[in-house]
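Chain IDs A, B and C follow the sequence of writing; residue 1 opens each chain.
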Amino acid sequence: MYLSRIVQGMMRLRDWNFSTKETEEFIMKTIDLGVTTFDHADIYGNYTCEGLFGEVLKSNPSLRDKIQIVTKCGIVLPNKETKRIHYYDTSKDHILKSVDNSLRNLHTDYIDLLLIHRPDPFMNPEEIAEAFLELHKSGKVRFFGVSNFTINQFEALQSKLNLPLVTNQIEISPFNLEHFENDNIYFLKGKNLNPMAWSPLAGGKLFDVSNDKSVRILTTLKEVGKELGIDSMDTLVYAWLLNHPVGVIPISGSGRLERLKNAVEALNIKLTREQWFKIYEAALGHDVP
Amino acid sequence: MYLSRIVQGMMRLRDWNFSTKETEEFIMKTIDLGVTTFDHADIYGNYTCEGLFGEVLKSNPSLRDKIQIVTKCGIVLPNKETKRIHYYDTSKDHILKSVDNSLRNLHTDYIDLLLIHRPDPFMNPEEIAEAFLELHKSGKVRFFGVSNFTINQFEALQSKLNLPLVTNQIEISPFNLEHFENDNIYFLKGKNLNPMAWSPLAGGKLFDVSNDKSVRILTTLKEVGKELGIDSMDTLVYAWLLNHPVGVIPISGSGRLERLKNAVEALNIKLTREQWFKIYEAALGHDVP
Amino acid sequence: MYLSRIVQGMMRLRDWNFSTKETEEFIMKTIDLGVTTFDHADIYGNYTCEGLFGEVLKSNPSLRDKIQIVTKCGIVLPNKETKRIHYYDTSKDHILKSVDNSLRNLHTDYIDLLLIHRPDPFMNPEEIAEAFLELHKSGKVRFFGVSNFTINQFEALQSKLNLPLVTNQIEISPFNLEHFENDNIYFLKGKNLNPMAWSPLAGGKLFDVSNDKSVRILTTLKEVGKELGIDSMDTLVYAWLLNHPVGVIPISGSGRLERLKNAVEALNIKLTREQWFKIYEAALGHDVP
């Protein structure tokens, strides 16, 4: 499976208010930056983002071979009119229907990578495995993974599945070390799996000066940035992620190309271990023991 | 191994103040309801419940083949007179003696399923395995499991044992989601093991209106009950457990047959995923992410 | 691999202000007590303790065959002058250099057991494995282990290593039950691995009467000590550790031989399960469930 080292997230595509032409331009410039993988979910933009992206593939089908499409299923969004609540559905039937919808919306005949969006307390790993196998055999989906799973949830699903789960998409950033604390980082490294990282910049918390942790991290980023001659703190946070041996694949969620360029610049930056730990310890709020 | 889909718990048999005749009637009516498995422990009723049950098997030995007996060992109860404290003993010697006592008290020559009652911080999995093998070879016990074990404790014991552990008896109810949170549910499903669930009704907390969580859960149960045309909230909680794909085997602890009937009625109820999550989210106190 | 049942810790060797002659005498008397394993780390005494110990081996090389040397690497200590921060380095290069330094300082050509001192959030298990294999092939290190690792961190490293990790050196004492709570004790027992225990006496907390937990534990130790005819509470704590079926190898950190004798005396003491639990429950602050 190939994913570009940095991934462009499409969660907010609807909010960017792009015309189809603008979306196409954005995608082409993204590809020019070497970022060829696009991260979707059925539910993004209240079930609209896949469709907005698909309009581009419809008008310019030759783009399909140049990109990799990741999408997700398993969450059902609430609906005030029908009084539907927010819940999960990882039944075989729902997964198959969700993928068919995604293919239709995206104007493509295959998904590169399909993820179960959230660990479902009602999930039946055998059913998920059946759905995955069927999607694999039909060629509708090439690779499979999960998102936000713990180690044990990952293992429970993998134990029923005759295909390797290829990633766990989790939140990783200096603002969120939970997957260091719950050992997911070590587990994934032990399995040679690259985690995809959502919210690598913690959604703007980086510059929230009302927050002690943010101030602490930003102060340290500036120090390390000075040592390395890096002005963009975005870039440095991406470098912090990209330097980790687990092989983090960060997802840039912005619709502004400058932001994505900041991420791409991080590919050329090498932190020393000491620099990496300086940022880690600022995030922890104390030295390692 | 066969266990009935719902199990009758005998922890409070002493408190029911039944005559042997009344106990026999209770057992026979329980069997008539399709509930053929009875859950004991050496210590229930301060070491008396197995004996009270055994009186029935003594007077009516033909009952033995119609039922499955689960019992447990490993806890030593405190004793004020001898100043003995409350502790655990999972030594080979204690397990063997405890089973011999249980057989004598129950007036039977075999236990269907023996569980280690609690994870023992002083346990030696090799010793437990030796005891289990010996009990298996002698025919005194047919199957083995644990109760209240974490995933790692389960794996530590299983790694030393040449017989499969067949269950983990744990507390599961809308009032106690700890085994969702600690991943036991996912682990057991991954191993195709049915957890037995103790306190499926959380010991009456369901109707404790002084408790915010209870009120929240009960309000939601009533809503879902209305959708399904179910009046008994007991029944609905049992249905919530029985519908889960992990295959929960709930233990009804009441000595009143109407309560057991409420449980048995749940076998015919099918919740939608959305209904299951409505109750789960009421229990959580918030939506799933 | 052979380690003596009790290990002498050398973390504070510098603080003891021994002459080389005094250190030699201390070592020889320690050996006379049957304590032949000495626990070091590259960083102890701000990188000085291995050297102080090595002076003895230099002047009396015949001692080497009578003892086992454990040392550790992976922590980099801060340095005010160079403004170096406190961080971890488990790169192959650092591990190899650190062992070469240890060998030079200790005046020996082999380490019996090398441990990774702390789980490194930046670690690459494959690199550690490469370093370990190279050290094994060259004969510089005979056995390998870890310290302060969780179960998942242990498994991640083991999965990349073609040699068995032989121990996890962790803090265990009645004052610190964390490795019961995180299941490390059960995991290690399941793997037949003996944990080494640092701070078995919790660094003097035993006699800290300002601390409720200490008072609670000490009161119970005195009761159990009276039952067993043991005056030294140190001895009783060591016995509590040594009696556990996981096979705890406690590290005595004192430079006073009487303290080590207290530990050695514990080898002859047998606690009943009830006595062991009395101390465990005093440590918990409540009965087991």
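Rule of thumb we're sticking to: contacts are C-beta pairs under 8 Å (C-beta built on N, C-alpha and C of every residue); 3 or more make two chains touch, one makes a residue touch a chain.
This one's a predicted model, so the numbers in the text were calculated from it and none came from an experiment.
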>> Please tell me whether the contact surfaces of chain A and chain B are same or different in residue numbering, using the over-half criterion.
In response: different
>> If I superpose chain A onto chain C using their CA atoms, what angle of rotation comes out, to the nearest 5 degrees?
In response: 120
> Distance from the CA centroid of chain A to that of chain B, rounded to the nearest Å?
Replying inline: 42
> Counting only residues that touch at least 2 other chains, which ones in chain C make the list?
Replying inline: none
> Across the complex, what residues on chain C touch chain B?
Replying inline: 151, 180, 183, 185-187, 189-191, 244-245, 273-274, 276-278, 280-281, 287-289
> Can you list the chain A residues touching chain B in their complex?
Replying inline: 76, 78, 84-89, 91, 118-119, 121-125, 127, 148, 150, 152-153, 155-157, 159-160
